[in-house]
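We just call them A, B, C, D, E and F in the order they show up, numbering each chain from 1.
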Amino acid sequence: MSLDLALSTLLSPIVLFFVLGLIAALLRSQMTVPEAFAKGLALYLMMAIGLKGGVEMSKAVLGPDFIFLALIALILSFGLPFLAYLALRLTSGMDRINAAATAGHYGSISIVTYVAATQALQLAGISTSGYMVAIAAVMEVPAIMSALMLARKGLKEKGAIGEGAIGSERGELVREVMLNASVVVLVGALLIGWITGEAGMEKISPFFVDPFQGVLCLFLLDMGLSAGRGLRQGWRDLNVGALGFGVYMPLISAMIACGFCYVLNISAGNAALLITLAASASYIAVPAAMRLALPQAQPSIYLTLSLGVTFPFNLTLGIPLYILLGQWITGL
Amino acid sequence: MFDKKRLELIIEKPAFKRACRILEGCGVTGYSALPCMAGFSLGESGNGRRWQRGTDISASGDMVLIISIMDVALIDAVTQKLEVLIGMHIGVLSVSDVQVIRKDKF
Amino acid sequence: MSLDLALSTLLSPIVLFFVLGLIAALLRSQMTVPEAFAKGLALYLMMAIGLKGGVEMSKAVLGPDFIFLALIALILSFGLPFLAYLALRLTSGMDRINAAATAGHYGSISIVTYVAATQALQLAGISTSGYMVAIAAVMEVPAIMSALMLARKGLKEKGAIGEGAIGSERGELVREVMLNASVVVLVGALLIGWITGEAGMEKISPFFVDPFQGVLCLFLLDMGLSAGRGLRQGWRDLNVGALGFGVYMPLISAMIACGFCYVLNISAGNAALLITLAASASYIAVPAAMRLALPQAQPSIYLTLSLGVTFPFNLTLGIPLYILLGQWITGL
Amino acid sequence: MSLDLALSTLLSPIVLFFVLGLIAALLRSQMTVPEAFAKGLALYLMMAIGLKGGVEMSKAVLGPDFIFLALIALILSFGLPFLAYLALRLTSGMDRINAAATAGHYGSISIVTYVAATQALQLAGISTSGYMVAIAAVMEVPAIMSALMLARKGLKEKGAIGEGAIGSERGELVREVMLNASVVVLVGALLIGWITGEAGMEKISPFFVDPFQGVLCLFLLDMGLSAGRGLRQGWRDLNVGALGFGVYMPLISAMIACGFCYVLNISAGNAALLITLAASASYIAVPAAMRLALPQAQPSIYLTLSLGVTFPFNLTLGIPLYILLGQWITGL
Amino acid sequence: MFDKKRLELIIEKPAFKRACRILEGCGVTGYSALPCMAGFSLGESGNGRRWQRGTDISASGDMVLIISIMDVALIDAVTQKLEVLIGMHIGVLSVSDVQVIRKDKF
Amino acid sequence: MFDKKRLELIIEKPAFKRACRILEGCGVTGYSALPCMAGFSLGESGNGRRWQRGTDISASGDMVLIISIMDVALIDAVTQKLEVLIGMHIGVLSVSDVQVIRKDKF
């Protein structure tokens, strides 16, 4: 059964289009998805995810379960960067500032990885709750704060603290981070789905529900191209310790999330999603925040790891594993 | 025609608004920004790094070109302030001489 | 019932996404819909509207009713700017050229407002005629001529008349105005829908009909962002008289259209649409024409009013009101 | 029956939108489809075509028939440029290098013409094989090699051979040509459709199958604009001989393909498609390759001919003719 | 290398074609246009106004940057004609010295 | 401030990568590329030809503007190499004087 799951994930059109993009980029094909088009698709995907989650939430009552889960998610997003920082400093010899910035990415989440997991769960016939989208939204931002805290020491060493960037422009930073596009669209669509409920959704589902998987294919083709190009350009800046981190860190995060799931006693599907969220790394919201708050850190390091190593790993091998973990932990 | 200075700043997008704020703070009468699509930098290691729009979904690696025509009297203050910025952020600054027809516009 | 209508309009996903965009922009979120993507969606919407209208027209015979209605529409588009000009000059102290340019916007129409009204009417179970799209197309351009006529005096005062812009380049101006994208696509799609009829539509309706409302949500998110940003940047250039104009002018236009509807004795649905068209203000075709023909007028004035004030007002409060007006006037 | 076919092709929404774009461009309307949006749609179309073909191929066994057909396709793509070159040199007085570059376009194919032909065949109730997409992919590239061979003499005359462009950068050229976007996406989607089969297609067909024809309308509007603008700007560079070539060359190619079809004894639908492929000329892959490998050739010549003359001819009159040819040759 | 003039005109999109026509009318051998993405102008009120692509759906507020390399003999006529244009339309004009390798190309 | 040279190359997209390779091969410390949206060239026939982005689906007619700030010592070698390129490809090259603040960056 576990092999079956892995195979059906690996051979789904979504993953295959990702692999197509990856290969094309590694073979240095000049093919591209126009940036404006890809960003429009990303917007569509986030709206669709938010709406679906909101409609689900409108059908059920949100009990203390949800509150506890949200709390755990907050703790994970805030806490995992500290662990990641330690791991990076011990195994890769990365300097403080780069390690802090990279660590921030692993506390936050990748919404596409989340979506791929929901698709795989649906395929496997395992049900999940709509409010998990809200949990994902909760995990986007806290990790950025951890990264900034972790970087303080490195900045002090360099004598760079107290300069304009971190001092007077804090307001702007907070606004850009809290109101970044993914948070606004995800939370906004969630609320709209919640308010309008099943009735409002009916008229727009031919656009937001039916073609969803197909759009995902097109988007993942672009992700594959990006991951492949990032990898080709960035791997030289990474030593083995750092590259390894891109694979073992998701596994550590997954184990920790597993522990929380056991304590919370949630359903197998929700457990799989929480584990996936913990194991995934950001490549949209956090890099943008880091260029603003920690310009001294190198994008070629953190983007290569998160988009070039961790994302492909999660999409192919990680997700089936996290689903099995979710089933196993809730079956104990 | 009157002599003015043309400042050209190539800067990473996340620092774009900071650069604008500095320019406005110095009292320049205007500027225009254009999107870059690709670039290259030899770097200190001498390794060479290329970037290209569309490689990075977060677009945080994109560069912006800012052009500002300004009075000769202003240029020193502006470059000094921008020097601090490109000390922190990725960026390239250059200044050249230009002639304009409307003296008081700049 | 009227409260019901207002509420169901206000809580429809379309309006909620507009509000989401508006709030995001006012809170200064950096979120954007890529321009190329938004323009592509606009194209899609106009094609879909035109096709649907054309197919409807292919089913019925166009009688003298239609001719009369088109004539009225022409009169409205051509005449309303004169009224708007007077109102602006009396209440806002705007100079001649800016007042003329702004007035032109209020004679022309907003196709998105029109679509939102058709959606609200459909929801309320009130039927409308397909040929109303043709009426909308008729109203796009004449107002631009009125604006230019109104501006002549201001230009003469400034001694700017007879210069290149208005003299030798008239041909180009006429072509750009008559063949602007919205007119071409709307009229073209209308004709194509008419020619191919129900049969031709069948194969393309999974693209042009089913997802229509969903695409509209995505597009209105972008409109909300634009309106919010325009408002934030432009309100300083407007005094209370001008801002008020953005709200009371649509109401005046609506009343006048109401009068015509009474005389024409048309159906409640068509009346609501004609009133909506009269009350809506252009923010695509007319501003582009004004930059060409009246470069001396300030975009920050006319765009802020039409997109930042009148469009949000119509979308939220205006449409339910116009529907009620349409029902009331045809019930007399 | 043949008139019926021609009429139903000419009055399909697809062709009508193309004509709308063509007219708008010839009337010098400023209307445009944003480039990023149009390229996104092109990507979608190629993915959809590839997937559909792949799924069809997964259902049948590929026998020697397919191998022979692929071989014939290869020969056509490689051989037709030599004929085209001769024709151009004899009738238009074009110089060697421009003639070679132009000839290359006519050996390669236009995937949109191919799609339009499949739609017309479907409408006429004539069945075709899924593997014809693979045949189309096979024909994309060989013609480029012929063009380069043909150009050698012209380059030698000019003393331009042996220079950097053709010498040291051959590797890059080969990679760009073999891995150009259309080849990668078409072949990649074909493989993915083949691997995932009917089951995988089910979930993504609301995106890739149902809206296909509608998207094609939008895309052909853009093609019409491009063709019209190209024609308006480029016709001055072409004499009557060259313009005529744009119409008689597809007919020559069609006759030759006809001969092969007779020998191969394939079905009427497949014959119509092979004839269409032979008769169509490239306007995406080949021009890009020519700018790289033969920068001395003038784009205004080859693009105007292929996009401005041959494409419109094929789309309107060519396709019905090729379908009739296919039926006639297989009925012999 | 030969001395030529480089004209840089930043102009609002609706006037773009007019600017092109003027340049072509003056006999320049070529020009290139680039899209701007943002800009700032202090204005007469001293209030300061920023614009940004995407703020305005009609795109009538967008600016375009035109670069034209031309002969020194041409520059005066060209700037004079363009001066009338930017008197009516929003725009910024500047001229600088450049060197080129192909004398007769410009 | 230190004197450097600013090279501006307007070149057709298909030759873009070649131009980059030449620049990198000459040892420039960096460059930035911007997308053009339209252009005009009088041509030898004196007929005049306009191009515009979006006119050509293959995008092979698009032009790219490359800016590179470099040391005075480098400029001759670079222009010589690029001269060969624009002999084959469509392109326009110009050089001007600029001042920069970070001497060793270029």
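Quick notes
Keep in mind that, in the parts below, a residue touches a chain if its C-beta (ideal position, glycine included) is under 8 Å from a C-beta of that chain, and two chains touch if they have at least 3 such contacts.
Values in this document were obtained by computation on a predicted structure and should not be read as measured data.
In terms of the stated touch criterion, the partners common to subunit C and subunit F are D, E, listed by label.
Between the two copies, subunit C and subunit D, the C-alpha superposition involves a rotation of 120 degrees in steps of 5. Separating the centre of subunit A from that of subunit F, both taken as means of CA atoms, is a distance of 40 Å. Measuring from the averaged C-alpha position of subunit A to that of subunit E gives a distance of 45 Å.
A straight line joining the Cα centres of subunit A and subunit B is 33 Å long. In subunit A, the residues touching two or more other chains are 32-38, 40, 210-211. Across the assembly, subunit F contributes residues 34-35, 50, 96-97 that each touch 2 or more other chains. Pairwise, the chains that touch each other are A-B, A-C, A-D, B-E, B-F, C-D, C-E, D-F, E-F. Taken together, the subunit C residues at the contact with subunit D in this complex read 34-37, 39-40, 43-44, 47, 51, 175-176, 179-181, 184-185, 188-189, 191-192, 195-196, 200-201, 203-208, 210-211. Subunit E meets subunit F in the complex at residues 1, 4, 6, 16, 20, 23-24, 27-35, 64, 67, 69, 96-102, 105.
Residues 32-35, 38, 42, 160, 163-165, 169, 172, 222-223, 226, 229-230, 233, 236, 283-285, 287-288, 290-292, 295-296, 299-300, 303, 307 of subunit A are the ones touching subunit B in the complex. By the touch criterion stated above, subunit A contacts subunit D in their complex at residues 11-13, 16-17, 20, 24, 27-38, 40, 210-215, 217-218, 221.
The part of subunit F that touches subunit E in the complex is made up of residues 8, 10, 34-42, 48, 50, 63, 65, 79, 83, 92-97.
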